[in-house]
Amino acid sequence: MAYVTSEAPTRRELSACVQCGLCLPHCPTFRLTGRESAGPRGRLMAMSAVLDGVLTVDEAFDDAMSYCLQCRACEAVCPGLVPFGRAMEGARAELDAQRPSTRRSVRKLILGSVLPNRRLIGLATFGASVVQRLRLGRLLPGPIRSPFNGMRSLGGRQSWVGREALPAQDPIGTIGLLAGCVMDSWFGPVHDATIGVLTAAGYRVTVPEQQTCCGALAAHDGHTAVTRELAETNRNAFADVDLVVSDAAGCTAHLKDYDHWVDGGFQAEVRDATELVAELIDTGRLPIVPGERGTVAVQDPCHLRHAQRITTAPRSILSAAGYTPLEIDPDALCCGAAGIYSVLHPDTSQELGARKASQVLGSGAPVVASANPGCEMQLRSHLDGKIAVAHPVELYWRALSESRLDTSSRSGAL
Amino acid sequence: MSLVSDLIAVLGRDRVLDDRLDSWTYGKDAGVFRGEADVVVLPESTEEVAEIVRVAERHSTSIVPRGAGTGLAGGAVPVDRNVIVSMIRMNEITDVDPENRTAWVGPGVVNLDLSRHTEVHGLHFAPDPSSQSACTIGGNVGNNSGGPHCLAEGTTVNHVLAVEVVLAGGEVVTVGGGAPDPIGLDLRGILVGSEGTLGIVTKVLVKLTPNAPDVRTLLCAFDSVEDAARAVSGIIAAGVVPAALELMDQRMTEAVENWLKAGLPTDAAAILLAEVSGGTAAVKAEAAVIREVATSSGASSVSLAADEAERQILWKARKSAFGAVAQTAPDYYLHDTTVPRTRLVEAMTEAYAIGDKYDLVMMNVFHAGDGNLHPLMTFDASQPGSFERVRAAADEIVEMCVSKGGVLSGEHGIGKEKRDLMGLMFDAPALDAQARIKEAFDPGGLFNPHKILPQGSRCFDFGRTVPVPDGAWI
Amino acid sequence: MSLLAPGTTAHHAPGSVDEMAELYRRLDADGTTTVVIGGGNHLGVGNPVLADVSVATEALDAIIDYQPDDLTLTVEAGVTMGAIDELLDPHRQTAALPETEPTATIGGVVAAGISGYRRSRFGPTRDRVLEVTVVTGDGRVVTGGARVVKNVSGYDLPRLATGSFGALGVIVSVCLKLWPEPESRATVRLDDPADADSLYRPLAVLETEEGAWAYLQGPASEVASSASIGIVQSDGFTWPTFDAPGTAEMRVPPALVPDAVQRLNVPFIAQHGVGIVAMATEDPDVLEPARSWCESVGGSLVVTSRSGPVDAAPSIDPWGTPPPAQSLQRRLIAAFDPRRIVNRGRLPGGI
């Protein structure tokens, strides 16, 4: 069928593409397959062809669109400024409307109802921690095993929602931190670091009570109604803060796009944690930590580098923490995690993950920094314990804490 | 057995694409023409290509080879319902030989990847089309591609020492070689630039060029395009052949700046990008000459890229120009002609006049150093008659350039786009000779039909002793 | 004075392209075989041609179009290297053609694909012929290429014609790409040719049994700084030559030039960085083993001049193992010279 929803890619979005092809080498799936329909140019051509009545939303169209990682690397290099991510979300929305399948309904349920539900996530986390402790990971089905292997060891505090932290002096402003769905339960240390660093810089940090999942994964999969609801909830939850911050790049990218989903979007500005911390270091609100801590490989999450165009921030944070950042991939190709992609297209995901891991190991660094939970899990799974994986802000917080301990113990000796 | 099942027998199911969506997405390159393929195949070895050729011959189906599809003349666009042979998966770089400065590469290797790959040896592949981050070596060979730096280094053919090619009948031969002046006719030279009409190149021995010890890039701003073009002639006349000499007019600068925020002077009517490379002393002396000539030609400012990062961003600005135009209108038509350098100013002036006459927005960004113009007209194809208007203006520009001693194409090729204009440049015996070359290679008309040569080029009844009257083909 | 190729019984020297075409239409109709002769410098290259008549280009000696500001020169085939230099010198420009053969014609140089010593910088002659006009074996006048420096319109006839030894017919005119002459030059004597490795793309590095030289050109400051690798011998160029005919060339991948030199005990001129080692010898006992080695490394050994009569049977195959695609080469030649009356048999494989 032709397009049936108001979410469909528009002529305006699509006609910005002049088929110059400069996106092709930046597209992971095109690089793997060499197929036009697995590259941004072909996908846009197919979306246009449906609009023109040449093609329909059929199985081939579904395959072509579903195979996209939505890493948006193409968008970042497009001189024609084609809004590829938006067009792809539109195409996915059409698939959702036109090709309902059991699998899609299951996804809709998970992305729209499970992720936003802290109790269900808590249950899942508990289950996962049991599997971890009993070392039963190898019994999990293939597509789930890889992300499972990428998890940090679970335990300790289960949710950061509702928490508040105050700086030593009068706060310079209030930050609302997005706890995130899995981020909240599985990446506690990153939240601790983010809260620690931001309070050290003089902010009051709250994790607003009424918040929910950001909705990025639902949006990417084309579940637009759910996406809108989640956006609305969060907008209200974060009504009273000066800045909205997320330490999961994939979430931040979507939060920055809220004005597309709810009228007016957030009242406050949205910042990725890396972006804000780098700024605070730049303006002197946070110190450059003395000492040298060796090398760190920098992995650029797609939704940080391509979607938000943030590249220098993680590097300058790591430099300020005393690390020497190492580049691993000039093209910054996707690591293959890509939200639920690793579960839907395990082969492609594995291939990209292995490629990324070998680039990381090739750098010789003992630790790799990644600012997105999905990427972190993918890296950890493919690095198989060979080197450590951490969030840049986490590394900075550790360095800062160590140096404070040093200073206090030294001053104590005096 | 059907064509598709025969192809599947050679390649397996995954590398034979026959869905409508695939046919459609392979129906276009970066130019304005569209066709639709019958079936698309993605071979991974020379043997597979040879087998594809034999299958196609058996089914009397023609073949269109394709690289990254970044060409602009429709060379890779199917015209009949052809088999598209995408060479993109044959992308291995083997036998890099830093001593002899050569490498064997698959046709699917991306141009920029090759230079990145050989950087450890201080070497690069000199042809650098603006699409170099995406286009393939096979495509470069097919079109004899140029780029800004072929002013000093020459086009692709100067950097290809040998090619392995699958000919009609599936015969595989390697022509040329790593030693200078191979004996016999230069089949390599004729294959490069033949746009896939003579055979399918499956492997290329490229010549690599040492990276220059020093490079300087100057950005000169002018109050008029004419002044900038005069500076170009002046620089050459002063005895300097820069590595590159590129001109961009104001509209183009604005479009690029809007995307890249490179700090380009958008108030200048034209900017000239001049690069010199070589030994430090040479580079310093030549940069001084360029500065002097630019200033005396009326440059309002001349600035030198302070470091490699600044230089890279200037080149990114230049090389993304065409894509950036997409922001200004839904469609564009990019032209490619060369005129003798001394006639650049008049050709530019007349090109703008033709644009005005047809009420079209014209922009220019081009390789001024070798007189290679790229007038670009934006339009909206959904407006009835707009494409026809653009084509008419384009044809008039070509005619104008040829009348000044210029040519149909400087680097993009003839393809589907300009085959009917070949008569402007070549007389009947010349076209006939070209058609005979095609016939000698491809008697069955298997490879990329309806490209380069206009219908009826081969003058079978062209009597051996009867001269053809002047203008018979014009 | 007209040159009459040995063994031929008549001599033609048409004074215009039309006359040349007319002549070949007649010869083709009669099936008369011809040998084409320019300055007579390269008649000893390739298989001997046994032909009925000689056809000379000496009367095609017009300068057609010289555009100094475009750096292009269009001339008829009979114009000599000496005449071209004389024309370009006052404009401080060069075609960078063979330096040591002033009587060679441009038609002959292009047909034989001879490049001279400055090819490291300017490329082989094949890369510098922008346009060519040939009169085919059956008397058609065919032009390919154009008089601009950058052109991809149609099949590349100029490259096919360069080094074709008349296989497409008689080259009657060519357009050449030119370069500005540099501010400064130097010939620098080296202890070892490898001393030039530190330079970024020198104009030429030559070695003979008497020593090695680097040839430098460019802005004065650049030449002065580069010249420190050796002892400046001259602020111009002095090029080596052999005294007498009876020469051959080894053509090998450039890095193998030192190996090639090692193998020699005859006078030689080696072009480092290019891969050509010229030798002053006709001795099959020297040439045969040298050829086997050249061919084993992907190169060739070609006889470049002979001391005896050029129609006499050569003491060694002038070309060696013919290149692949012989039948395709034959078909291509037939497209231009269907009765094969121009320099029949001269190319490798006797085609």
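By written order: A, B and C. Residues from 1 in each chain.
Here is the rule we go by: a contact is a pair of C-beta atoms (placed from the backbone, for glycine too) under 8 Å apart; a residue touches a chain by one contact, two chains touch by 3 or more.
Only a predicted model underlies this, so the values are computations on that prediction, with no experimental measurement involved.
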Problem set entry | Contact-graph separation of chain A and chain C, given in steps at minimum | 2
For this session: Taking CA centroids for every chain, report which one is farthest away from chain C.
Result: A
Problem set entry | Core chain by centroid distance, with centroids computed from Cα atoms only | B
Seminar exercise, completed: chain A to chain C, mean C-alpha position gap in Å, rounds to 63
Problem set entry | Rounded Å distance between chain B and chain C, as computed from the means of their C-alpha atoms | 29
Exercise. So how far apart, in whole Å, are chain A and chain B when each is placed at the average of its C-alpha atoms?
Worked result: 39
Seminar exercise, completed: Residues of chain A that touch at least two other chains are none
Problem set entry | Interfacial residue positions of chain B with respect to chain C in the complex | 97, 99-102, 143-144, 146, 150, 154-155, 157-158, 167, 173-175, 177-187, 189-190, 192-194, 210, 212-213, 233, 236-237, 239-241, 278-282, 284-286, 338-342, 367, 370-372, 405-414, 418, 422, 425-427, 429-430, 432-434, 436-441, 452-453, 464-465
Exercise. What residues on chain B touch chain A, complex-wise?
Worked result: 17, 19-22, 24-26, 28-30, 40, 42, 68-70, 86, 88-89, 108, 110, 112-113, 116, 131, 133-135, 256, 259-260, 320-327, 330-332
Problem set entry | Residue ranges of chain C touching chain B (in the complex, touch as defined) | 25, 28-29, 67, 69-72, 92, 113, 115, 119, 123-124, 126-127, 136, 138-144, 146-157, 159-160, 162-164, 167, 179-183, 199-201, 218-222, 224-226, 251-255, 274-276, 294, 297-300, 302, 319-320, 322-325, 328-329, 331-336, 338, 347-349
Exercise. For the complex, which residues does chain A have touching chain B?
Worked result: 15-25, 34-37, 41-42, 45-46, 49, 54-55, 60-61, 64, 77-82, 330
